[in-house]
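Below: a set of structures, written as structure tokens.
What follows is chain A paired twice: with chain B in the first complex and chain C in the second.
Moving on to the complex of A and B:
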């Protein structure tokens, strides 16, 4: 088991590295670059100007930015010239990829082009907001899906169950931005229900307890939005799987022995129906970590989704590549976690077995 | 038990939401920023938030007076005396204020100005914008008899030379270069330093010291001469500035508007979403909401509760929504074709639809309030019949299939229009033009794209028409950045430019006599209307919503749209009043 785990971890690391390398190289091939975001618009005359910024001077300024950011070097160990001859050129270790890979091996993800700060620090700061939010949403969503799934699978019919299923279906087709906006307008609106804060600041000099209270209140709406978006994704397949298992022979036998329907579902059908849920949940983790951008923008939370979206818009490559590396690692670890949980739930699937 | 828990939780939530009673005069003024400044390096300032923050920490020789929308002396005692030398040089004599000091108490001297201008030319620092902007200042002559007097030798002439020469944050030499190593290097030598030659050791050492100071994130590592210090910066969430208890400008009597700093504490809340920002205003989480979108402004004005709590201001800005034609394209090379297409835009309806009718229509690149505005020209208007006539005059013929073709060519007149994707105003303009052109038999493809992709495509000339915001100002009339042939590949995206139009642009920019300047600029506006490389649709409005209790609100058409340092709570006059 330990050997299997190590092999899977090794493969996951190699895959994450390959994905990040691909993003690193392809990001350098995109049109535009960080110099566009960092240089003033050449046609802007909102400030008094005395000179005409020619195309040549604009290019010189762009080149100066690229040199300062280390983008003047070749992207990879070898490149193919755009000349008609189209010859291959070997650049040795004096290339951007080599420097990035070397830095990564030393634990240095590089520095943001926008403010020169270490990417590790930026990502760490952003994750302090995103991780608690995403993990709490996943835990709450998972727990609610279990309860709701068992309740809805018990017997079809009944207006409460039908209404709940209809609501879940409606939630499933509602985009997250619409859902979050609706929550904002419904629950943080002085013209409707002014129950929860959406953007306020913690009172200056707040004590520990006040800060905890502030963050509990502040994270209620984003958490609600995430949980509501997760709930149908987790619940509806679970209900279908539970109902399928409830029709199986072993369930009929258990019922024939006199066990209640709820007991059969919880103790016999659930372990079998849980497997797809585990995969869905672990699949959602990286999405939650990098994809909470909608919620973070709407509720003004400085999380990792917003960091990555803004970095991508500004061509801040080091932050983007680090974000991709992190998301890929989370995704691969999620898959690994799903496998381990499979083994826990169903020992027959273990490698030794 | 569960009611106990619920009650406890609610109490906790409510206590977190409420604010402790504070004296209003000392209460912070909270303003909405749509984005984080990203860096507070005084050399970099990549966005408006960074500019606003830098203006709180540092001062320039001349700063914008938002009451009058003009540059006024800040660190400088007065506007500089200008003397023209030959036909290309201007000599500017500056005198710094006697009272001006850094945070550490040292006086602000001419050597600091000299040092700052040299720092802008050091390679390896984020100063590429400054290098281009202030490269026209070739020399700083210090006055040996007066450490606060100096002369700038500028390689340009014209009224804008004066304002441009003083529009940069002055930095302290003593903190960054205590050994005065840069004094030995003339400014011109740094400007002309060959790119292939390694920087001088003094420059290398200075750059390393500057980088170590980490001013991008720790601006307090450098003494400033502005009124505020940064107290907290929670990235992408909020920035907090506190006024210095003893700021040098407090001694000035009377205090000029640009050196007034009323708020004791300023908070900038980073709220990227407009709807969330509007709710934050309604909940009094923020006190000032600048650059309010039209739709939200209308909703706020329609709400009785919002009307009770907030004041609303509108000012016509100097940002022009404009359409550009790619004059290098064969189909658009003829000015009559460009004129014809310009008649298919409906500026009056577009202003109403996108900006609630606020803002102002214009005949050219100058605002209607400008003394140089050519009011003899008619405003551009929607005229499809005229458009068809002009197309025929340009040699286009309408075929049986409804399309327009030049004789002997198979390809019909079809256009591709580019604009930034996330702008609804741009999309509205594009759709209106597409519909109008379709009625005339001209197919138009709309190509909205992400900002950097859009810019790359425009710079590469891969478009027929574009929609964009041209940022202007009342300070100058140097349209060469937009229309001069030398600026092709730079700010001139349309590719327009001829020797005669270049001469007119330069003459209008450098002319010192107001009467002759007026004549030249009126001619320039006529030329622009005839040649039609750019069609200015209208000047955008700036909308501001602010707490009704705030005093001294100065709304302006210049970014950020208000004077932040002039704002104050009423309790500043009567300390007993408390904030609700």
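Moving on to the complex of A and C:
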């Protein structure tokens, strides 16, 4: 069983490396590299009085920026020259991909194009906002889904249950950005209901307690959006599994013994219905991280999702590649967690000692 | 679809709405709109909806950049028809073909002659040496020859008589799907669109690339069940060529769940594409879609009409697609 687990993890790790390599290489091969964007910014804003540079000096400046960012080297181990001759060249280890992979092994994710900061530092700062948000959303969503699932599986077919199920399936197809935008416009709009802060800075001179309170209020709406997007994914399969289990023979026997329906559902059906839910757990963390991309941009939280979105908008490729790698790592963690929990929850899977 | 399913009012509503969106999207260049979607009306910035009896008015208001919301809605519907719909069609076809082949032949079913290995190496070498169009022609001719050979080859022989090696189709498909599934689709889309603004065909290809693994997994799983059914065995016993069994007998059965899956896949892609447009990544400034209209909302929170109409259109479209998918799924379950 350990071998199976290792093989599974190994496959997931290879997939993570492959997708990060794909994003890395495709970002380096795109036309209009970051040096052009950087120089365009510089000529637009910081030196408004200088005249348009001649072609030669502009090319020299671009080359200097490329060298500084480490883009002077060839992209991959072999490349094809763009000239009509179209010959193939072998570059050995002196290429960008090799440097990136080596840096990755040493824990160095590169430096941001925009401000030259190490990507690890940027990501670490962002995670101090994202991780509490995502983990709280996961915990809240899981608890709510459990309660809601038990209620919806048990309640007789009245209009409340119908409405709740219809609402959940409507939520399932609603994109998170639409949901979060609706929340923002309804609850944090100075022209409508201004209940919660959704942007801006913490009040100056705030002490510890006030700061905590401020961030709690700030993260209430993003949290609500994430939990609402998570609920249908968790609840609908649970309801289906609970109903399926409630029709099994052992549940009938338990009811025939005179146990109440709620007790049968909670103590007899739930342990079996929970098992398929553990598979959903694998996708929970990466889904939440993808959700934070939208939610953090909308609610102006300086977390990892916003970092990724802003880096993508500014062609800051090292940060983008690091974001992809981090999300893939989160999925790996989810996979590991789900497998371990399977062992804990289901005694049938444990090796006979 | 059964007539009884169509008789329900919600289903009719969903169907009518989708037809309406499709018609508006198709006929967008010929609709008599008072304003164009791209040209801003700088005299009317973020004006509320108005109905003036004299002259053209902004019936649904304008956004904070002065663009007409009604024209933006129509442009968004056209983008849906020209971008999301072809992307889903492409992804579903590619996924059905790849998943069907992987489920039918598995890792050991498809044998190529060892001579084919040399041909493959030669093709790789040619691909590295030749310009792209010639490579496409050579690969296409090779695939055609292979398909023809399999169309004619009787399947009852357990193994072709020549020295052969098996193509691990199943592993290749699952590996590709695992790599693309290692990261949520939105994150991957944001990362791959991080370059300069994408053209419409590029974005279409990117969306199709993200969407095909789901369809492929579905068809593969279905194909594994279909393959064990007696009529496939009978076809094999009858000595039909493997390619013909796959195309005529197995694939139509394995693709049936796709009918219900395609609308859901379309809803997912529309949501994904709108989210990308909302974030403003990989989009030219002149591209107008429902997502980019919603994004301008953040500049003027008081202008409810900028968010209400595109948001409503997007939500109703997605709900209608979900409803249609559910109805088709039920009717598939009912007719064996």
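The rule is simple: the second predicted complex is superposed on the first by the 295 of 353 C-alpha atoms of A that agree within 3 Å, B and C clash if a C-alpha of one lies under 4 Å from a C-alpha of the other, contacts with A are read in each partner's own complex, and residues count from 1 in each chain.
By our rule, contacts are C-beta pairs under 8 Å (C-beta built on N, C-alpha and C of every residue); 3 or more make two chains touch, one makes a residue touch a chain.
Model, not experiment: these values are computed from the prediction.
Contact with neither chain B nor chain C is seen for A:186 once the two complexes are overlaid on the shared chain.
By the touch criterion defined above, A:135 lies against neither chain B nor chain C after alignment on the C-alpha atoms of chain A.
In the superposition on chain A, A:64 makes contact with chain B only, while chain C stays out of contact range.
Shared-chain residue A:166: touches no atom of chain B or chain C.
Counted by residues of chain A touched, the larger count belongs to B, out of chain B and chain C. After overlaying the two complexes on the shared chain, residue contacts for A:216 are found with chain B alone; chain C is out of touch. Using the contact criterion defined above for the overlaid structures, shared-chain residue A:262 touches neither chain B nor chain C, since it reaches no partner.
Within the superposed three-chain model, A:18 lies in touch with chain C and out of touch with chain B [touch as defined at top]. Contacts of A:297 after superposition: both chain B and chain C are touched.
When the two structures are aligned on the shared chain, A:114 is found in touch with chain B, with no touch to chain C.
When the two complexes are superposed on chain A, the residues of chain A that touch both chain B and chain C are 31-32, 181, 185, 189-191, 297-298, 313, 315.
Across the interface of their complex, chain B is touched by residues 31-33, 36-59, 61, 64-65, 67-68, 114-117, 122, 125, 181, 184-185, 188-191, 194, 196-204, 209-210, 212-218, 220, 297-302, 306-307, 310, 313, 315 of chain A.
Of all residues in chain B, those touching chain A in their complex are 9, 12-13, 15-17, 19-20, 28, 30, 35-36, 38-39, 41, 44, 46, 71, 123-126, 128-129, 131-133, 135-136, 154, 156, 158, 160-161, 163-164, 167, 211, 214, 216-217, 234-238, 267, 269-273, 275-277, 279-280, 282-283, 285-286, 303, 305, 318-319, 450-453, 455-457, 470-473, 475-476, 478-482, 484, 486-493, 558-559. Looking at the complex, you find that chain C touches chain A at residues 128-129, 131, 175, 178-188, 190-196, 264, 267, 271-272, 274-275, 278-282, 291, 294, 297-298, 301-302, 304, 307, 311, 314-315, 318-319, 321-322. Those residues of chain A that touch chain C in the complex are listed here as 11-12, 15-16, 18-19, 22-23, 26-27, 30-32, 80, 86, 88, 169-170, 172-178, 181-182, 185, 189-191, 283, 286-287, 289-290, 293-294, 297-298, 308-309, 311-313, 315, 317, 320-321, 323-324, 327-328, 331.
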